[in-house]
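Below is one structure, written out as structure tokens; the observations come after it.
For reference, chains read A, B and C in written order, and residue numbers begin at 1 within each chain.
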Amino acid sequence: MSQTVFSPWEDPNEKPLIQFKNVTKRFGDFIAIDNLTQDIFAKEFFALLGPSGCGKTTMMRMLAGFEAPSQGQIFIAGQDMAKIPPNKRAVNMMFQSYALFPHLSVWDNIAFGLKREGKDKETVAARVEEMLRLTRLSKFAKRKPHQISGGQRQRVALARSLAKAPKLLLLDEPLGALDKKLRQDTQFELMDIQEITGTTFVIVTHDQEEAMTVASRVAVMDEGQIIQVATPAQIYEAPNSVYVADFIGDVNIISGRAKPNGEKVATQWAEGQPDIIGTTATKFDTGQEIHFAIRPEKVAISTDEPQDAANKVRGKVLDIAYLGNISTYHVELPTGHVIKAQTANTRRLSRRQITWEDPVWISWTDTAGVLLER
Amino acid sequence: MKRFSWFNATSLTLGFAFLYVPMIILVFYSFNASKLVTVWAGFSTQWYGELFRNEEFLNAAWVTVNVAVMSSTIATALGTMAAYVLVRAGRFSGRTLFSGMIYAPLVMPEVITGLSLLLLFIGIGLDRGVLTIVLAHTTFSMCYVSVVVSSRLVSFDQSLEEAALDLGCSPFEAFRLVTLPIIAPAVISGWLLAFTLSLDDLVIASFTTGPSATTLPIKIFSAVRLGVSPEINALSTIMIAIVTVGVITASLITKQAAVRQARDERMAERPA
Amino acid sequence: MRRFILIAVPYLWLVALFLIPFVIVLKISLSDVALARPPYMPQLDFAAGWEGFQSFFAALDFENFWFLTTDDLYWKAYLSSLQISLTSTVMTLLVGYPIAYAMARAAPEWRPTLLMLVILPFWTSFLIRVYAWMGILSNEGLLNQFLLWLGVINEPLTILNTNTAVYIGIVYTYLPFMVLPIYSALERMDDSLLEAAEDLGCSRLSAFWLVTIPLSKNGIIAGCFLVFIPVIGEFVIPSLLGGSGTLMIGKVLWEEFFSNRDWPVASAVAVILLLILVIPIILFQRNEQKQREAEG
């Protein structure tokens, strides 16, 4: 896969396509974007992820030109965008509502932007046909938007925004209106189209699974700031804060005091319980507040006491959630903490060894979790 | 993005000035001391006094209100029935004719409606007076009522009626206990509409009335034909004042109901 | 049984007071004028039985309609009604569209108030609203006083009792009928459509022509019909604001009936007026139907 090679953000000679420089955006008293600086590179599939109101949509609308920054500058391909209206930008947007023109056919919707460029009829027609083929919509060219399904509308919106071959395509919750099954198929389609066209995609979403699936890099946002930018794997395995760890996937967080010991750090987290041993590259001071984060699938559960685990605790099964492919056990510790442990159901209808109220052991290695300052 | 530009502000200002300045002028000159309507000669309420001493105007106003109350009440009953028939009664022979007769009076020129009703009343030898005006007004305003009520009935969840029937109501009880309370706002605004239309009507009343009954619009029209008069200004001011107070009260009541409902919904969502 | 009563009461009412009067108008339009009470003949004589019917129908003819074509007053009145109606509809659209547009673009918390301000005049007496302009437009009226004071004119303009006054009166009284349907079309429009148009390279102005206007098309059509149809038969405005030169069919019918007491000709005038109205009414209904289907 190209993804392992494709990492322009690590190459100091690479020029970014988009640069946010100390951008702040205020709406009255409300600060939507707070002094934000970020580079995005050509051909990236960049996801802005966060809860509603975190500023991700504002960032996108500033790129499209529908909002102007209150302070700071935005550059696209080295050009300051401050004075450039939306209709003069080589940026196109796919709207959350799709914003398909209800009075125009699918064909005319896709041709709309091309006609504005004053291209001759043949060029426009050829390009529209090409986009219809790319999005597999050729059969529906003559229909009106209300005569096609939700998934087809989504593809029309995509085709329309790609038709002008923009340098940058902005996608605002592009799959939000689709049901889960269709959404998953469409995610892969989006990735294929991004690769074929070589366009830079910036996607806004609140769905972390979607961001993880499609993006080359994910920016997790909160209250107008980017908390962490990294590849999906890094975001998941090495979150830089409790907020990111908690926002992406499922996680157990145990707070305590740090007790550094060479490369390892012990976390004192409860009276009468052994310290949690973890490894970290960050330096911690003794007695500093620290949060230990571990994913449920990295916590093992067993009825017998595990022999060579770095960390192990006794507990009692509180709840079991059977999800088909996996089961999640909620284990209550004597301290009152509830830890989630996940096991894959690799065998069909195996005899359930563990059930409600059972006393169990949970355990994990010293590299399974991460230690976070905040 | 700000799309509310100076252009929009200007068109709103000019538009509303166009709508309201003539009426404001009318009100202003009703307090003029001079008989000459266009020359300001100081503040006076004398025209109001003369208006209230004018027997003919008072009689006409009394007739008009009577006609309006009677016709709008009958029209509301008939119009609600007609709306119910249109939306709920399903198919019956002559349904197309029926809905045609509901919608046609809405677009019918008043002169034609008036003429045709007059010819009917003469044909059957009915003495023209209050009764004939009430019949005429009821006929055209019931169509307006049924349009207002049926638009509410269409958006009304029929399963509510079915639930009432399921719980043991007779069809009439279901209508009285469930449907009517829900469509009540539409019925009330239908009544108000019918009342206003009747109060307002000059043409149909002129055709269908006889010497025994003169309504206010007929009286105003014959006075106004001779030119502008301060008494008519005073009368207009009173009518404008009544309507303004009425419309503002109605909108405040609706707004308050909306606020109350929003508050109740918020309360309901809070855990007990 | 209940269902029968429910249907029968409003049905019979409308048949008796809407349909039958119409048939009578049609019948009288085919009768001859007579110096009698009622002033037309033949009269249907029920006592004469079947022969009475026969002689009654034999006496009906199209003479009144023929008369309408010979006297050019009538067809001029029809044409001038149509022309006044068409012109004033266009004028109302030009005045009403910017208002509706600005209302739809106003802050959401202001919209109910603006809407109320547009509807309020509709509840006030039509007659009074027309009357208000008599004082403004007359030779000594406020408009002339104002223009003289400004120095734009040296002597009063004659506006009252001309077609200009009629146009002003029509635009003024029918404005809400134009504004409301256009407003409701514009208000429903999704703002992101305009953003999408700009994003795809439209200037503000071209986005307005290519997106806003087509999407408010149904509102425009509805508003135009709501003005055009009733104005054709309008009586109050031409008789109060218009002059002797203002020919409108509603006024002609009124005078034919009340001044000349020629009931058969008045009925014939009414029948023709109705035939003229049928076309726009059907077009209007079709537009409404199409809109409902598009929404449904």
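To be clear about the criterion, a residue touches a chain if its C-beta (ideal position, glycine included) is under 8 Å from a C-beta of that chain, and two chains touch if they have at least 3 such contacts.
What you see is a predicted model, and the numbers here were worked out from it, not measured in a lab.
The touch graph of these protein chains is an open line. Pairs B-C and A-C differ in how many C-beta pairs touch across them, and the larger number is found at B-C. Look at the CA centroids: the one farthest from the centroid of chain B belongs to A. Distance between chain centres (mean CA atoms), chain A to chain C: 60 Å.
Computed from the mean C-alpha positions, the centre of chain B lies at a distance of 18 Å from the centre of chain C. In chain C, the positions touching at least two other chains are 195.
Among the residues of chain B, those touching two or more other chains are numbered 1. Contact of a single residue of chain A with at least two other chains is seen at positions 66. Residues of chain C touching chain A in their complex: 190, 192-193, 195-203, 206, 210-211, 214-215, 217, 294. Those residues of chain C lying in contact with chain B across their complex are 2-3, 6-7, 9-11, 13-15, 17-22, 24-25, 28, 38, 95, 98-99, 101-103, 105-107, 112, 114, 116-121, 123-129, 131-136, 138, 140-142, 145, 172, 175, 179, 191, 194-195, 229-230, 232-236, 239-240, 250, 253-254, 257, 263, 266-267, 270, 273-274, 277, 281, 284-285.
Across the complex, chain A meets chain C through its residues 64-66, 85-87, 91-93, 95-97, 99, 101-103, 112-113, 116-117, 146, 160-161, 164.
Partner chain C is touched in their complex by these residues of chain B: 1, 3-4, 7-9, 11-12, 15-16, 18-20, 22-23, 25-26, 29, 36-38, 78-79, 81-82, 84-85, 89, 92, 94, 97-98, 101-105, 107-112, 115-117, 119-120, 122-123, 135-136, 138-139, 142, 146, 171-172, 196, 199-200, 202-203, 207, 217, 220-221, 224-225, 227-228, 232-233, 236, 239-240, 243-244, 246-248, 251, 255.
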